[in-house]
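Two complexes are shown next, each including chain A; its partner changes from chain B in the first to chain C in the second.
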Partner chain A sequence: MIVADLALYDLKSRLQQGLYLRTGPVVSCITSPHPLLAEGIALHYAGHAVETDFADFHVRIDRPRNLRRWYRPQVHFYFDDTPSFHPLPADQAFPMLEWGLNWCVSNHCHQYLIIHAAVLERNGKTLLLPAPPGSGKSTLCAGLAHSGWRLLSDELALIYPQSGHVVPLPRPVSLKNQSINVIRQFAPHAVFNQTVHDTIKGSVAHMRAPQSALDRAEETAAPGWIVMPRFEMGAAPQLHEISRARGMMALIENAFNFDLHGRKGFDTLGDFVDQCRCYTFTYGSLADAIAGCEQLVGS
Partner chain B sequence: MPLAESWRIADNLELTWRDWDEDEVIVFSQRLGRSLLLNAASARILTFLALSSPSALSLTALTEQLLPCCAPDTSVAEVMTLLDATLPEFYRIGLIEPLVNSN
Partner chain C sequence: MKQDLLQHTLKDVSSTTQLSLRDWDLLIRQARSADLLARLAVLLQKAELLDTVPPQPKAHLESALVLAAAQNYAVLREVEHVQLTVNSLGLDLVLLKGGAYLVADLPAAQGRLFSDLDILVPQARLNEVEATLMLNGWATTHHDPYDQRYYRRWMHELPPMLHIRRMTVLDVHHAIVPATANLKPSSAALLAAAQPVPGHSGLRVLAPSDMVLHSATHLFYNEEFSHGLRDMSDLDLLLRHFMQADDFWITLLARARELGLIRPLHYCLRYCTQLFATPIPQAVLTEVQGLSKASAFMDKLWLKVLGSLHPTARDQGAAIAAQLLYLRAHWHRMPPWLLVYHLCAKSLRPRAKAEAN
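Entry: the complex of A and B
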């Protein structure tokens, strides 16, 4: 069964008891009475499998039990019934779920080496985009996901040490501020929820993962390219090959759990980088950025 | 502060390297919990110290080993300047230690 098989009423009912939602290798049991959350899940996770029992995480998006239920209502993210973050305004329930699920994976799925990076795939090879917030990573990721690249994740690269491959975690792509309209214009058929304003990240909207990403959610991908993107308004595109050593350092610096893996993690990343070419990439427009990535495939 | 006369890899420190035949390498120490990006000159210094480990190398011996790896017109003074800049940094990080003369 997938989420789309459930009528909204049934989905809301399941969310009261716990919806076992599969995203890639992870199953999250999500509980919430919040109507916006049910609508967000129906829109963004329509093609995702609904499981029946085991869950890696038990999370709940719920109102705090105080007067804020009535005045400027808020929501909490609960992990194993423990509030895990500061509460947010109730209209940010869906972004909060997304941020919370990212937190769950990056803090608990230590069977993977987890890199803060967008990941896409072409011809069986991964394009890793490790970059700090504000670099244009998610915008480029969303654009590529609608330009013939398969989306594996817009936020978390899961490298499985035993195989050295990246495991897909296809979920909605989080876009902020001007990026929302950039992608709406670039991919008019892309599915978005309503933009939520005044979040800690500014205005936020989520773009549904393309169906191709869900259809191949169990298909891992081999190392290919590591590209550190940087958006600079009006800049001419500059794709510059760098040493593998610098590429590996970029992965280490963007890893959530490198220290936990110790020597094995170092060897895993080293073997991964062995099979990659590494670049910095400055660009001034999405079209230039996508053309630059196409250039990699041809090289 | 003058540089100690002899240096060695810090006690029981196991170093793991990744080298792609480029001008830069990465060295990792699980005990220090660090990965370091080294340029070719720094990597050579650490390599010579690692090869002699657990024994120490004097500055003179290090200089003699480094000189053939440098550009032909590199002087001993230039190598000493390099050591003067690099060894204290390695020491600060915990990669190496000076050999303390018990006398």
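Entry: the complex of A and C
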């Protein structure tokens, strides 16, 4: 069964008990009485499987038991009944779920080496975009996901040490500020929810993961390219190949749990980078950026 | 329905072969909240059952093993830093609890997660040790004058020290119970009996009996129990390991008498038997029972808080038991007049000083 099989009414009642939602290798049991959350899940996770028996994480988005339940209402994120993070305004319930689920994975799934990077795939090979916030990583990722690349994740590259492959974690792509309109114009058929303003990251909207990402969610991908993207208004596209050592350092700097894996982590990442070509990429428009990535596939 | 699957599983890991995926879901949650995921993974590994675990829960056990291995490595490195500093004063470093289990390579270190490092120093050298630690990057926490006085006059340890670059926390003890407590185990006796660790010169850990007595005293006179089941599991593993020596039980009982720690030992042996089926000789149990009585009421309280405290396992009674044991811990920790003074001071003083530490 997938989420789209449930009427909104059924979905809401499941969210009272706990909805076991599959995203790639992870199943999250989500509980929430919040109507915005049900609508967000119905929209963004329509094609995702609903499971029954086992959840990796039990999370709850709920209203507080104090005045802020009614007065300028807030929502809290509970990880297995323990309040985690600061409460947020109630209209940010869906972004809070997304951020919370990212935190669940990056803090608990140490069977993977986890890199803060967008990941896409072409011809079985991954394109990793490791970059700090603000570099344009998510915009490029959303653009590529609508240009013939398969989306694996816009946020978390899960490298499985035993296989050296990246495991897909298809989830909505988070876009901020101007990027929202850039992608709306670039891909008019892409599905968005309503933009939420005044979050800690500015205005935020989520774009539903393309169906191709869900259909092939169990298909892992081999090392391919590591590209450090940088958007610079008006810049001519410049794609520079860099040494693998620098590529490896970029992955380490953006890793969530490299320090936990010790020698094995170093070897895993070393083997991964050995099979990649590494680049820095400065560009001034999304069209240039996508053309640049296309160039990699041919080379 | 409330079900303490974690405690049941720790008593008999082979029962995991009967678990459904739904049961595993519950077990992983309970073990994670008790900081016992990695311990569970190690117990399953030792029983050669880890490979029988279904892939979904197994992933969490493997993740916990990665985390525990990384922590062990980090703690060993931290021990070296502390040791260099303490040794520079001509003192051997005496490690307590988790750090000691780890350097002594005891089974109780396996799958154990750490939040800080505990050391024991002679009270006469405490100022010197603190000053040297400060010169080497450790800074005191709790900058409030009342808290500083609370630790320094009445407690058995300095306010926790934080390393300003590595952000690691060090607890420097000069005794194993507060100075104001009604138990008075001799720190000099503990230090005198501390044993060298093969392969680590300048480093000592408490003698086996003392290690058990300290761990038990710490647990049964503490005011909070979020790690109660973890600490019980440590005690179970310590006892199972040390009992291989012929004279262990005789030494343990004699030492408990000498240090005045019969009661915590009684609780420890009693609840290890009940919770983990630790094979403690009946004669030993009978003897401690003869020396200190445990009321049925105390049994009820302890067994409530020494299980899993996850909402799926605990009932209303656990919260009430924890409250009562909290009061008991304070009662044993300070004489009544001081307790009244301390509680008034804590409740009347402004909240603003609650600094981040």
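Throughout what follows, the second predicted complex is superposed on the first by the 299 of 299 C-alpha atoms of A that agree within 3 Å, B and C clash if a C-alpha of one lies under 4 Å from a C-alpha of the other, contacts with A are read in each partner's own complex, and residues count from 1 in each chain.
The rule we apply is simple: contacts are C-beta pairs under 8 Å (C-beta built on N, C-alpha and C of every residue); 3 or more make two chains touch, one makes a residue touch a chain.
Treat the numbers as computed from the prediction; the structure is a model and nothing was measured.
Residue contacts after overlaying the shared chain place A:V182 against neither chain B nor chain C.
In the superposition on chain A, contact of A:A222 is made with neither chain B nor chain C.
Once the two complexes are overlaid on the shared chain, A:H58 sits against chain C while remaining clear of chain B.
Legend: residue contacts after superposition of the two complexes on their common chain; A:A46 is shown touching neither chain B nor chain C.
In the superposition on chain A, contact of A:G270 is made with chain B only, not with chain C. Once the two complexes are laid over each other on the shared chain, residue contacts for A:G262 go to chain B and to chain C alike.
In the superposed model, A:M248 lies in contact with chain B only, and not with chain C. Once the two complexes are overlaid on the shared chain, A:V297 sits clear of chain B and of chain C alike. Comparing the two interfaces of chain A, the one with chain B and the one with chain C have residues 259, 262 in common. Interface of chain A with chain C (complex): residues 25, 27, 53-56, 58, 80-82, 108-111, 257, 259-262.
In the complex of the two chains, the chain C residues touching chain A come out as 20-22, 24-25, 29, 32-33, 54, 56-57, 59-60, 62-64, 66-67, 69-70, 73, 310-311.
Touching chain B in their complex are the following residues of chain A: 243-246, 248-249, 252, 258-259, 262-263, 266-267, 270, 273-274. Residues of chain B touching chain A in their complex: 16, 18-20, 22-26, 28, 30, 33, 35, 37.
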